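The structures considered in this document are given below.
What follows is subunit A paired twice: with subunit B in the first complex and subunit C in the second.
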Partner chain A sequence: MTELGFGSRLPYGSTISPECIPIPSSIIILMIDSTHEGDTYWSYPISLTCPVIGIMVPLSQWREEPIISPACGAQTNTCDDIFQSSILLRSILRAPLSAEHFQCTEMAVTESPFFALAATLGGMFPRCASDLVTISVAPERSSLCLHPSSGCTSRDVRPSEATVKYSLLGGTSSSILVHGFPWLYGPPGGEVQPWGILNGIVESKMQNSAGISIAPVRIMAGIVFKPSLVPYHQWTPDVYEGSPTPVVAFPPVTSKVAASGLATRIFNLLSPLSGEWHLLPEILAILSTILGNLIAIAQKSMKRMLAYPPISQIGYITIGLIAGNPSGYASMLTYTLFHIFVNLGALARIALFSSRTGTDSIRDCAGSCGQDPLLALRPTLSPSPLGGFPPLSGPFGKPYSSWCGRQAGLYPLVPIGPLTSVISIYHHSKIIKLLMGERGGRKLATPRTINKRIPSLSSPHTPESLIELGTMPRVVASTTLGLTMNPVTTTARDNIPNQIFAHTATILMDFGEMSSE
Partner chain B sequence: MTLERAPISGAFPFRTGIYGSMTSRNMARAPMRPEPIPNAVNANPATSGHCAGARQMKGEISAISIMAIGSAEAAIGSAIVPATYRSARPIRTDQSNSLKR
Partner chain C sequence: MNNSTILFGVLSSLALVSGGLVVRSGALNPVPAVFLFLLVFVLCSGLLVWLDLDFFAMIFLVVYAGAMVVFFLFVVMMCTFRREGREHEVAPRHTEFVVGLLFLSHLWLVLERSPRPPTPSAYPIGEHCGHVTSATHLDTLGTLLYTHVPLLFIGSGLILLVALLGAIVLTVHTPGD
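Then we have the complex of A and B:
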């Protein structure tokens, strides 16, 4: 392992070098805003440049061995770097969406990019969380920034209500999560390092005690709120429906990605403690994939309907997490990447569509293909990538996670993927039919454009807004990422460190010896 | 106090916080109701570590991190309440029905 001595002063090459970029950027944004009178649009270039630089740092530090910082015990490896890069990518893709919203609504410009940058920074910390205290406070760092970001962008009633619900539910679930960790601290004799905890529990022969059994249940009950697994998904549709469309995608998707990265560490810690710990996440994954697709059928609002496919997608991601082998983690990383592009793309296209129709209702969009075929094509393409049509990303991501589940012996989870794909294809086909064929919808308004056109290099249709410009890479990624899945999964699988599994195997052997005595 | 009895000191504030967050109907009081839960979180490792004979005071030190998180959450709740009050008339949670299912 690459170890850093105390004499190392340079941040580059250390465990926290990627985090050293958003911190000064957010300070600069605050300083510019506090010293500048009126609105300043410097927040956008800074909040875009910072994640672009930040994503280059882990890519330039790509290596085979993990880096350990002896000063704080933080340990990172390339698997964590991939998760962190997902968070930064998320932040990059978010940036063009909200610029025009603030021009139109005349709300304060700095708040949203600052919260987004702070949430990105918070989401990057779980990757170097290697002891109990850091793992317990890591999810809070991003969640606390995401709570106000969903409601700071509008003076309407609905964003405020969504924010109140999100923050209340989020605060309570985080408290339950954090309350589960101290149960693992006391019995081993005051240990915070994972291996110290497991060794201490084995030595004190407390692996079957009630306190050690309560801890995983509490921790799981708290952590599954963040990726909105059923039945803790109630906040997601409210946030999707309540928040303005250009800003709505950031809180839920960032919360899911950050929670997935943290959950790998938590489940590695908990897996030796209880042989039956798989049961609870399996049940939650099954409920999420099925109910996420079924409840979407009954929705009348386009934005609320779009909240449910991510809930089902997080069920597929959880299958890879429960599998617990390198292929499972690779499927988790790959599907997370698809999830980011598809969901952001879907919301960007719905934002364009809603700005022309003036409504979120699905029924009011009937027959819009006759008025503007290109506009109607956008929401058609938006949910389909993960629905199951090749060469889109769905038919490559879902079978891979189902295959990982079969490989790990999780047979109840394997048929869930194809069944729910059928439901989602049916439901998306209904929307496409409504857009293309039926009548009774609203008349489309003329497109609102900003005064300055975005120069395009070579395309027949000049993008008239930043949202359109930002949608283009998402369209390309979400429709063609399925074809490039093999190099992505190979890279992810080859870079998952074996130390995680070797050490866990040692502890499992100790547990087996103790229980057989 | 033995290790088996140590988490009881954290159980009471935890129970109070859960009950308060479930039954709160006033939107101004609702962010304050779950605040006893971080208190329970702080009490648990401090007493468990002491009873288990921990050599270092890592549980007590971790309480500082938990307090930082709890105070940030309280600050955000305090900021959300006036913003909500300006835009939304009803201050009761059971009258907030603008986001329909």
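Then we have the complex of A and C:
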């Protein structure tokens, strides 16, 4: 193992150094806030610097072999590093938009960057999760921080309502999740390490007992709440609708990426337990992809509508997860990357659009093309997460996911991709038709933001320049990332270590021998 | 009467008095009641240490002073109680800075200076604790928390901090604000 860069200076080696960065940063933010009166704008540079440093650490210590850290038993591999980098990337992209929002609304909430940093840290923790206790606490770390971060951003009633709903549902799902783990702790004789558990179950010949069947069901029921797979998706639209547009996507997207990272750990643990374990996520993935697209059609609010494509996308991400081979994981990582950019790009465009039109309602935007064609182009491009047309990034991940599903023999999942693409293209066309159609909606707001403030890119501290600045990479990435699909997938596939699958294969062989005996 | 009995008497009587005061002051103003409640927990854990149950004393503090007080904070913040005409005085703001610096230096000490745990096998947690022949519960817990799982320990502390701040942030913006 070679250690390079900043991480090697910490005694616990490079494994946990990315996690060590947000902790002091968040404490420093709180410290300066409590001693410093007045403007709290400085907290945003800190919250931006921290993930930038954090993302450089895993990149600087890229390694081939999975390593085990002495501290907290963190067992990391490249796949986890990629997830961690995604979370940090998400955090970087969030910072300029939230800074702009808080400047505009004059709600200088220092707690917001603090919660964002804490949630980023929480999202990185699944990487350290190598025993049952950490696996059960890791999702709470991020979701607990995400609950207030969606609600503290506005004085309105709706964010508070969304937060309360999010917290209550999150608490319920967590309790289900936590109840699943004792079923894995007891039967193998008090083991907390995943491989210890599997060996214990093989040794005690408990693999066919009822308790071992209950555990995967409960764990899965608890864990699918975090990425909002379909029966547990209700919180996402509420959070989207309740939060202010610039900061809306942070909780759901972070939750999804963190949950996908954790799910790789849990599903590696569960897959040897039962041969039919993938039936449940398979059904959930099918339901998510179909319902996520169908319900989006019925939405009247632009923000609520944008909450549903991520639900269908998490279905595609799940396909890669169920496939359980390097190609499947590569498709999952690629789709996660697309998911981040495409959703953020869409929301950034909607933020600009609704700041002009002053409404979130789709119907009110009818005919806005006649008034300002450039403005109308934004939401026309924005439903690209719904599917959209090939130059946009939206549809690019789907064929690869379906291909991985077919390779892994998950035939029911294969036709879902094309089917839902048709639905989403129909929906996309409907919105374009509405925007290009007759003028019937409200008059556009005076172009104050266009003429006076938005073009001021030269002065980087004006709020509108920040939102433009933050939007640009997202828009470019969300429209053109699809063209780089092949190198991204190849890189991901080449970097996923085979060891994580080799381990599962060994245990599966043990199970096979046990059952034949 | 030896020292031990005196200690027991002081701890238990203070706990009883604070318990009574929780009921008394809870009706007037919930904030002192919560602090008194916390005092009861601290005194009770002192009693547990007196009984040589140091592990239980720690658990008592962690569970109650940590989780329950967050819950009570939420309840208190939800209550609309009178300020009784007192204006918020601007407290000297150096205290927070000092506390923060202490916390940061603590973090640095734990992550940088603490003895490096022996290179473990695939099952690091608890493996070396079994080899220690004579150690109190507190020693073992300290070794485990600060040497073997420091990051998880700090992360759990951060969860509590987030929970406290979340309770305040979500409830402090009343509709009239």
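Throughout what follows, the second predicted complex is superposed on the first by the 480 of 517 C-alpha atoms of A that agree within 3 Å, B and C clash if a C-alpha of one lies under 4 Å from a C-alpha of the other, contacts with A are read in each partner's own complex, and residues count from 1 in each chain.
In this section, a contact is a pair of C-beta atoms (placed from the backbone, for glycine too) under 8 Å apart; a residue touches a chain by one contact, two chains touch by 3 or more.
Because the structure is a prediction, the values reported are computed rather than measured.
Once the two complexes are laid over each other on the shared chain, residue contacts for A:225 go to neither subunit B nor subunit C.
When the two complexes are overlaid on their common chain A, residue A:308 makes contact with neither subunit B nor subunit C.
In the superposition on chain A, A:121 contacts subunit C only, with no contact to subunit B.
Once chain A of one complex is fitted onto chain A of the other, the partner contacts of A:211 are limited to subunit B, with no touch recorded for subunit C. Of the two partner chains, subunit B and subunit C are each touched by A:137.
Shared-chain residue A:277: touches no atom of subunit B or subunit C. Contacts of A:151 after superposition: both subunit B and subunit C are touched. Of the two partner chains placed around the shared chain by superposition, subunit B and subunit C are both touched by A:192. Contact with both subunit B and subunit C is seen for A:163 once the two complexes are overlaid on the shared chain. The intersection of subunit A residues touching subunit B with those touching subunit C, taken from the two complexes, comprises 137, 140, 144, 147-148, 151-152, 155, 157, 160, 163, 192.
Contact residues of subunit C toward subunit A in the complex are 93-94, 96-97, 100-101, 103-104, 107, 111-112, 114, 116-120, 122-125, 148-152, 154-156, 158-159, 161-163, 165-166, 169-170, 173, 175, 177.
Across the complex, subunit B meets subunit A through its residues 3, 6-7, 10, 14, 17-18, 21, 27, 30-31, 34, 37-38, 40-41, 44-45, 47-49, 51-56, 58-59, 61-62, 65-66, 68-69, 72-73, 76-77, 79-80, 83-84, 86-88, 93, 96, 98-99, 101. For subunit A in complex with subunit C, the residues that touch the partner chain are 10-12, 16, 19-20, 23-24, 26-28, 30-31, 34-35, 37, 68, 70-74, 109, 111, 114-115, 118, 121, 125, 128, 131, 134, 137, 140-141, 144-145, 147-148, 151-152, 155, 157, 160, 163, 192-193, 195-196. Partner subunit B is touched in their complex by these residues of subunit A: 132-133, 136-137, 140, 144, 147-148, 151-152, 155-165, 167-168, 171-172, 174-176, 178-179, 182-183, 185-190, 192, 211, 237-238, 241-242.
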